[in-house]
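Got a structure here, written out as structure tokens. Questions coming.
Naming follows writing order (A, B, C and D), and every chain is counted from residue 1.
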Amino acid sequence: MLEEYLPILVLVSVAIIVALVFLLLSIFLGPKRPNKWKLSPYESGMDPIGQARERYSVSFYMIAMEFIVFDLEVVFLYPWAVRFTQLGWGTFAAMMIFLVILLIGLIYTFKKGTLDWDAKPLNKPFKS
Amino acid sequence: MNISEPHQAIINDLQQKYPDKVLDVKEHAGATVIVRVNRDVVHDVLETLYNDHHFIYLLQVFGTDRFTSENRFEVIYHIFSLRDQVRIFVKTWLEEDNLVLPTTTDLWKAANWQEREVYDMFGVQFTGHPDLRRMFMPEDFEYYPLRKEFPPLGIPGSIQLPSTTPDTEED
Amino acid sequence: MGLESALGEGFLTTKLDAVVNWSRANAVWPMPMGLACCAIEMMAFAGPKYDASRFGSEVMRFSPRQSDLMIVAGWCTYKMSHAIRRVWDQMPDPKWCVAMGACASTGGMHRSYGVVQGCDNFLPVDAYISGCPPRPDSLLNALIKIQDKIKKEHTVLLDK
Amino acid sequence: MATDTEFLSRANPTFFKKHQKAYVKSLEDKHTTVEVVSDDPLETKMVLNMGPQHPATHGVLRVLLELDGERIVRNKLDIGYLHRGVEKIAENKTYQEFMPYTDRFDYLSPYSNNVAYCLAVEKIAGIEVPDRALYLRMIGSELARISSHLLWLGTMVMDAGAVSFFIWTFREREKIYSIFDNFAGHRFTVSHSRIGGVASDMSPTAVQMIKDFLDFFKKELERWRSILDRNRIFVDRNMDIGQIDADEAIRVGLTGPALRAAGIPYDIRRVAPYGKYSEMDFEVITRLEGDNLARYYCRMEEMHESVRIIEQCLAKMEKGPIRADNAKKAYPSKDEVYYSMEGMIHDFMMTDTGVCPPEGAECYHSVEAPKGELGFFIQSDGTGHAWRLAIKSPSFANLQGLEYILDGEMVADTVVLIGGMDPVMGDSDK
């Protein structure tokens, strides 16, 4: 019974093998001459100021978290969206509840102001 | 010496305000008018020109090395008045041993970089300048390149070249 | 006789070096160290009329990590020489360097205190292009010379 | 608040130590009015270095940005990476020998630099130039203005994301290059002007090439404007950023399209007309908003004006000498040199000592280069070499304006702002 799945297995394995060959080939063929500047971070020709892992503004982190939450929401929507005509009203109500909950989350983040970047009061030098 | 009428009005006004400080007026081809003033009154002259004659556009500040024994250096301010479309050069002579001039960044913001360039090329110190650093050459360069005694091909070893062997630890 | 006749039609055997050098030669990604007027000619070299992508160097990568051929286009001053050397060091290893124009090759018309007289004072240059600025087709000619040099590169085993 | 010497402690330069430390120190004690909201200790300032080797800095310009999140709190520009001491070289060259260096100032429009330098020398030495040479010079400098604005358009729009513009504008620039190739000898560093006139005459084929180029270019410019002028992405990207009002633009010393976009109609071709510009009818394009979009409109309409000027020049230009025939002041024509003894001696004298302006004469002349007002202040000591040649370079002034404009902008807008200012490092670093 498993014979029908044999071609898929062959396809996947060939793909993996070809990908690995390209990746690992350069380990054997490529010249390896590490030196101090090659391993240092690229700072468009200048010396880096501070390390690469400096602490930076928290607004980036808020945006990243935002993205993950709503991305997962879309993932959950897909299976329902494909078959929602046959699934009837029950699942429709359940999905709407799910969406409303996330909508409240979205409104909350709007009010907290994580989305608009120039929320910070700005007095540009020429306006003052 | 056919100085055009608006230039003459400004020069007369300056001569009244600073009786013996306006030392001489030169003119060439009817358009370039150069007024030389005494060094300790140059900031006030520029201020009067700025306030009374609307010279609010500073185009360039540059220096010259006259290579003479006394008052060797020259600093020239090139300003333009928008209201009566007049272009004037205000020049001062500086002694070699005290190359100090008051800065004009309080009048024009444009003077910031221009004065840094004159400092970089001739070594003229501008007192009160927000951050007087070299404009073009790196700070580690100790000479003033546009002075006449500086050789045009530079002094070998005055600026270091990068090391061509990256692995050796630099000092 | 040889392996090829045993394999029959449509097979070709060659040395590993030839394959590696052939693939490297036909995908030389330039790192445009565009400094002065030669940089404008380098843009024209990558532009529509003198199209560089016909020779495989379509991708003008500005980051040294993804480029093999550094084209120094323009006069390098002492102040900029350290940045050029740092970018050269950060390029991955099979790398080549082209000094484009008289100013990069020998300091050119700028015999003055600020200019390094020739970027080979601090860079291992493979190809020099004369001209001020050289026409894009002489830049293509240098590219072809670099490709020939890559094809005759030493064997891969020496790189260990 | 971050402690004052925080960046200085983080920076450990390996080359030009004094320079880099002084540079980072100047960033820290630069006064800024952009007020940072959050003072919690977690919020540390990030220093971003848009270094000399960067695709978007249009040459070798280094910008050190202190960021609070996405907003630039303070920035400092560092130029001089292309400084070759051209004013020092000018003191050791005769006037005609220095001509090729003028091509390498603003290498996007070399023809107008040549014309600017020649006019300055002719003004100080008092040389009359025949009419046809003036017309040829105006056609050349307007073509150079179009080619410079085309490269600005190609790179700025490519920085804003539309790569196809780079290919289109370069296709048009190649046509201008072939025109220059035909009538001036080389693709762009042409050194075509001579003191006292122009090096070679314009052949009918070159005139025909210019006419064909202009007809096609007018339609092409209309098509580009219909794409970009009301393009939602481009307008949103450029509107209301880098805003500077007229008064501030003058005090900061902006020049050229950047100043006219702030509302001040300061164009040397109208303020102090040179050549035949007084007889040409063209408008000085000014906008009032002073933001990046206004600079875009200024430059686009200036290309239209340049096309109109070239057409009027072609109409008004008639046959005539292309160089002053006064042997003491200009090169004799080639056939005179080959076939007459005096011509050959004059040619030798011109190359050896060249034009000798009166001793102690000082003179300034400026020209409306595509980036702004390019002026030469020459002090002569009677010999063939200039005693001092001071170059008023437009990109130097615009870059200083850029430093004022960048404060308070978003870091993503720096790329388009640098494109909007259109600096050329060969010009600003002298």
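Note that in this section a contact is a pair of C-beta atoms (placed from the backbone, for glycine too) under 8 Å apart; a residue touches a chain by one contact, two chains touch by 3 or more.
The structure displayed is predicted, hence computed values, not measured ones.
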item: Chain separated most widely from chain C, comparing mean CA positions; value: B
item: Identity of the most central chain, Cα criterion; value: D
item: Inter-chain centre distance, chain B versus chain D - centres from mean C-alpha coordinates, in Å; value: 22
item: Between chain D and chain C, distance of the C-alpha-averaged centres to the nearest whole Å; value: 30
item: Distance from the mean Cα position of chain B to that of chain A, given in whole angstrom; value: 55
item: Centre-of-Cα separation between chain C and chain A, whole angstrom; value: 36
item: Touching two or more other chains - residues of chain D; value: 14-16, 51-54, 80, 83, 85, 88-89, 404
item: Set of chain B residues in contact with two or more other chains; value: 136-138, 145, 150, 152, 160, 162, 166
item: Of all residues in chain C, the ones touching two or more other chains; value: 79, 82-84, 86-87, 89, 111-114
item: Arrangement of touching chains [line / ring / star / complete / other]; value: complete
item: Parts of chain D lying in touch with chain A, wherever the complex brings them together; value: 7, 10-15, 20, 24, 32-37, 42-44, 46-47, 49-54, 62, 67-71, 243-245, 248, 404, 407-408, 410
item: Touch list for chain B against partner chain C, complex; value: 136-138, 145, 150-155, 158-164, 166
item: Interfacial residue positions of chain C with respect to chain D in the complex; value: 33-37, 39-41, 43-44, 47-49, 62, 74-75, 77, 79-80, 82-84, 87, 109-115, 132-133, 135
item: Complex interface listing, chain D residues touching chain C; value: 15-16, 51-55, 59-60, 80-86, 88-89, 100-101, 103-104, 107-108, 110, 151, 166-167, 170-171, 173-174, 177, 187-189, 425-426
item: Residues of chain A that touch chain C when the two form their complex; value: 29-33, 35, 37-38, 40, 42, 44-46
